[in-house]
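Below you'll find the structure, written out as structure tokens, and then a few comments.
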Amino acid sequence: MYAAQVKGALLRAAPTVPLVDLTHDLPRHRVPEAAFVFRAMASSFPPGTTHVAVVDPGVGGSRAAIAIRCGEGSVLVGPDNGVLAPLARALGSPEAFRLDPRTFSTERRVGTTFDGRDLFAPAAARIALGAPLGRLGTRTPFHDLHLPEATRSGSHARGEVVHVDHFGNLISNVPSEWIAPSALRLSVAIGGRRSSRVPWVRSYEALGRGRLGTLGSSFGTVEVAVAEGSASVRLRARTGSRLEFQWDGGGVAATDTVNSVPNLPRRRR
Amino acid sequence: MYAAQVKGALLRAAPTVPLVDLTHDLPRHRVPEAAFVFRAMASSFPPGTTHVAVVDPGVGGSRAAIAIRCGEGSVLVGPDNGVLAPLARALGSPEAFRLDPRTFSTERRVGTTFDGRDLFAPAAARIALGAPLGRLGTRTPFHDLHLPEATRSGSHARGEVVHVDHFGNLISNVPSEWIAPSALRLSVAIGGRRSSRVPWVRSYEALGRGRLGTLGSSFGTVEVAVAEGSASVRLRARTGSRLEFQWDGGGVAATDTVNSVPNLPRRRR
Amino acid sequence: MYAAQVKGALLRAAPTVPLVDLTHDLPRHRVPEAAFVFRAMASSFPPGTTHVAVVDPGVGGSRAAIAIRCGEGSVLVGPDNGVLAPLARALGSPEAFRLDPRTFSTERRVGTTFDGRDLFAPAAARIALGAPLGRLGTRTPFHDLHLPEATRSGSHARGEVVHVDHFGNLISNVPSEWIAPSALRLSVAIGGRRSSRVPWVRSYEALGRGRLGTLGSSFGTVEVAVAEGSASVRLRARTGSRLEFQWDGGGVAATDTVNSVPNLPRRRR
């Protein structure tokens, strides 16, 4: 519903600009998780895209509204709460402008100001139509949110779950490329609990239905997954859970220890 | 899935017309709530838009299919069950036409008639392409649903929850502008329960995470909210719950009484 | 989120091609159910549409990626796990091509290969822009999934629940046209339980709110529904539940036996 108001406002100001929904399933109030996902989503889009992100628990509060122009021509519009920052840095050469609400006053407004509809959408529409950012606001530093980074020591990494996708897969912040190419298994410890050795595979199929394992996610990081099931439920893990991975250079996979992580009682959902 | 059939039928008849999803999360069978949300959503859209609403518990039954032309050029297509009426009146000068199903018989139909796919979508497509309504049906009165209205007596208002948004915020039908500009707190009574004094704020941020309060919603009405939480769960309230608000002209906010509404046991979800 | 990556990749390769979301609510890992719904959804779309289906529990595994050209000009792109097959046969004259991943190597790839983003989307984009399939891959037989078919003997049919829609309606695979035009009631037995006689109606409205009955679905098959309620919850039935229907040529409807199916205890959700 709020998304519909944003889309309406975009079309009102820029009827001919193609509009694409990225997702409406982002975690509602968790800015760092949303920033992580937004970075991964939007980097697939064409250069020159104008993105609007309305993950904004501080809506109507003191945080500014900004537009960030990136080197390759994309512009990110949203609240200055950090949600835009990781993508902006990934796209490169970010320059932020603080949007002046007076520039976007509309004649026809329903109820209390909703920045997504009344500010971000009209700004994005003008930007998509070619307005230079300097006319919509003034240069500003921005909230340069840094996502938690994993650390590595030899064949051991510490990180955390930075996203739980809608299948219940646990997406970590440990780069997949850290894992030795010859590794066949990973020791996984979650939330300080006892570690277990599970397969390191290239596909859910290689894991086998209902089995727990690890693989490279489409985010470029290690993912802990249950094939056709939910690792989040199985392991009672969530965004923010600490993770440790240990790997070796490979060797023979002892199938008898596969899935030695116990089947914890399922959380009621 | 049913939405996809509607979209397919629209594109089949009008391949070049831009198509925008408003929302697929409307309450399924609650026509008045859907009508309230539809009015708020669609009024952000550009004049001249053709809207299709398929909130239609009476599908295939005796209710007519209609298209309503409004003064500013928009057309609303859907069932004559009241879902279109509040928006039509808000846009002004509504004139309804009863759609004649025989006009839209399609050569290739799967299964039982589904009006969204077989009637509303083809009608909306022709309208978006410029067909005059008079050629698609005949003038008709329409089910002129009136949403429940709040009443006011001095600094006291009675109304109800007319929508629970997907954050769990309780959207009332009490206009925000009734509240005295100098008010700092509202006494809130829900469902006939004991009233509690909570802050009247301009943003969730001003409320503080996890705290209960009231603010102006983007619907133009008073909203009861828990910042980054669910007021619906906390207060065990839902669409249709009675609400009473009492305000004064302001004064010093006694922070010790903030959130005196008890934390009721959470409903299991 | 994964859908957003797919859409980004589509737009990156074909910025001017209109993009329509069919649905993101398909059953996650159930290929036959998804294939059933996909067939029903997509057959409403205009001839010449390029469809992408990413219901792909075997992602990254040994199954091929294919594009199927159909007689009327549409092309279906996705995994060769059967999800495309029923629609392809319904559209007619299917010819499949195995997509060569090397044709679609992109300069800028995040993380592990995600076929939806890295293969299906770029292929679909080129196809939508006019590339002949023969240039994107080589002719191949495809996994010709056949959905379970109902059987009939006189006025008795055996089938199964092939889809539970988001209202909780049980969509069977028994063609509606098998039911005698004069029938007023159906005996329904689910999952081998005792049968009950319920109305066979033309609309939910004819059933009456909260009442159980049967009607023709928009899939062309018999549907077991509770008007404004969930038959899946009421009858504890799910995709795969066996169904038997028995009908007669009509007669007087004895309203006292309506809804004789007991109200089973509701499953906790």
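Each chain carries a letter (A, B and C) given by its place in the written order, and its residues are counted from 1.
Everything that follows uses one rule, which is that contacts are C-beta pairs under 8 Å (C-beta built on N, C-alpha and C of every residue); 3 or more make two chains touch, one makes a residue touch a chain.
Since the model is a prediction, treat every value here as computed from it, not as a measurement.
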Subject >> Fraction-based call for subunit C against subunit B, same above half, different below >> reply: different
Subject >> Turn needed to bring subunit A onto subunit C - CA fit, degrees, nearest 5 >> reply: 120
Subject >> subunit B and subunit C: spacing of chain centres that average the CA atoms, whole Å >> reply: 30
Subject >> Sites on subunit B at which at least two other chains make contact >> reply: 18, 21
**OP:** Enumerate the contact residues on subunit B facing subunit A in the complex.
**Re:** 18, 20-23, 25-26, 37, 40-46, 49, 165-167, 176, 202-206, 209, 215-221, 227-228
Subject >> Of subunit C, residues touching subunit A in the complex >> reply: 1-5, 7-9, 11-12, 15, 18-19, 21, 28-29, 57-63, 108, 110-114, 117
